[in-house]
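My questions all concern the structure below.
Think of it as A, B, C, D, E and F in the order they're written, each chain with its own count starting at 1.
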Amino acid sequence: MPYVNIKVTNEGVTAEQKKQLIQGTTQLLVKVLDKNPKTTFVVIDEVETDNWGIGFDQVTELRKAT
Amino acid sequence: MPYVNIKVTNEGVTAEQKKQLIQGTTQLLVKVLDKNPKTTFVVIDEVETDNWGIGFDQVTELRKAT
Amino acid sequence: MPYVNIKVTNEGVTAEQKKQLIQGTTQLLVKVLDKNPKTTFVVIDEVETDNWGIGFDQVTELRKAT
Amino acid sequence: MPYVNIKVTNEGVTAEQKKQLIQGTTQLLVKVLDKNPKTTFVVIDEVETDNWGIGFDQVTELRKAT
Amino acid sequence: MPYVNIKVTNEGVTAEQKKQLIQGTTQLLVKVLDKNPKTTFVVIDEVETDNWGIGFDQVTELRKAT
Amino acid sequence: MPYVNIKVTNEGVTAEQKKQLIQGTTQLLVKVLDKNPKTTFVVIDEVETDNWGIGFDQVTELRKAT
């Protein structure tokens, strides 16, 4: 009965990509730990780039700098 | 000083229902563990149905199938 | 399919008390939001009192002061 | 490689304030634990006042009462 | 710069299995969202079976019933 | 009423360092957002190095490689 929380920046993740993340994560838990997929939850959080910092910088700023 | 995080799908939870979740959870922690309600936090996250997976499927798809 | 995470300090919570927290929380989600208990998860984290701070102080210190 | 999650109520936090939270938290982890800022993440969640409870009450109600 | 948190029950997950979860999750984020693995974190939490509830029951009880 | 969760690897963080993290984080929220320290929680999680992955690798392996 695993619970997986995936946090990524909110930069245009499509419904199809979310589906692939959910399926891939669930498949991994079935394969590695023999978990029951029926009670495997995957929750995706999309975080605004202003709200995510790495190395002192907001991702918003890092994207501009690239 | 408990902290409780409730994650549910974003499907029309009303302000009144949120109030009931907050009061019920806080009351439970007072009753079972004799915690001080003044320092009991309850935070509710509403998650888009595209972002929640169970048994390989997005909740969006599960709702359509019902 | 709710997911609830309860964080409390690690101060002798018994298995029976954990059971009551799990049952009470699940019952609340069934009553307030008509959720399916079969896919309602409750996860309890017990946090060392050195690792929990409130109002600048570690709970360890607050317990001594009482 | 620390990960820090800051949850605050959604009451007009500016991009500049978020930047200060990210920089201050990262600086603290560098100073206290000598962590590498390049792999220090800070994620800020802004929570609606209806969704945050303290002492049985929604923050929305507490703000009105003030 | 994704952050993934995997919560499973504490029932003998080996270091090798943890490695597979970390590698599989990171690979998934690279493949689906083209994320940089160098800033992809995976954190695994192992939760005592007394502390995990599903369908009103502690996992400890569910395991005995099987 | 902020809630802050700090996750670091479990590599000998002392009670004094935890105190500094709690005080520094709380001070930051008071300074930047004018929050009330009495209802500011800081919770520190110490994660085993086997359970933390970055760039496909467990931190345990990264430490050996250094």
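The working rule: contacts are C-beta pairs under 8 Å (C-beta built on N, C-alpha and C of every residue); 3 or more make two chains touch, one makes a residue touch a chain.
Predicted model only: the values in this text are computed from it and were never measured.
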- [ ] Touching both chain A and chain C: give me those chains, sorted by label.
- [x] B, E
TODO: Look at the interfaces A-E and D-E and say which one is made up of more C-beta pairs in contact.
DONE: A-E
Task: Of all other chains, the one whose Cα centre sits farthest from chain D - done: E
Open item on the list: Quick check on chain A against chain B: do more than half of the interface residue numbers occur in both copies, making it same, or fewer, making it different?
Closed with: different
TODO: Determine, among A-C, E-F or A-E, the equivalent of interface B-C; equivalence here requires over half of the contact pairs to be the same by residue number.
DONE: A-E
TODO: With chain centres taken as the means of their Cα atoms, state the distance from chain C to chain F in Å.
DONE: 20
Task: Inter-chain centre distance, chain B versus chain F - centres from mean C-alpha coordinates, in Å - done: 25
TODO: Let me have the rounded angstrom distance from the C-alpha centre of chain D over to the C-alpha centre of chain F, please.
DONE: 13
TODO: Please list all residues of chain F that touch 2 or more other chains.
DONE: 1, 3, 7, 21, 25, 39, 41, 43, 52, 54
Task: Set of all touching chain pairs, with the criterion as stated earlier - done: A-B, A-C, A-D, A-E, B-C, B-D, B-F, C-E, C-F, D-E, D-F, E-F
Open item on the list: Give the list of chain F residues in touch with chain C in this complex.
Closed with: 15, 18-19, 21-23, 25-27, 37-46
Task: Residues of chain A that touch chain D when the two form their complex - done: 7, 47, 50-58, 60
- [ ] Name, in rising order, each residue of chain D that touches chain F in their complex.
- [x] 1-9, 13, 17, 20-21, 24-25, 28-29, 31-33, 35, 39, 52, 54, 59
Open item on the list: Which stretch or stretches of chain E touch chain D in the complex?
Closed with: 1, 3, 39, 41, 43
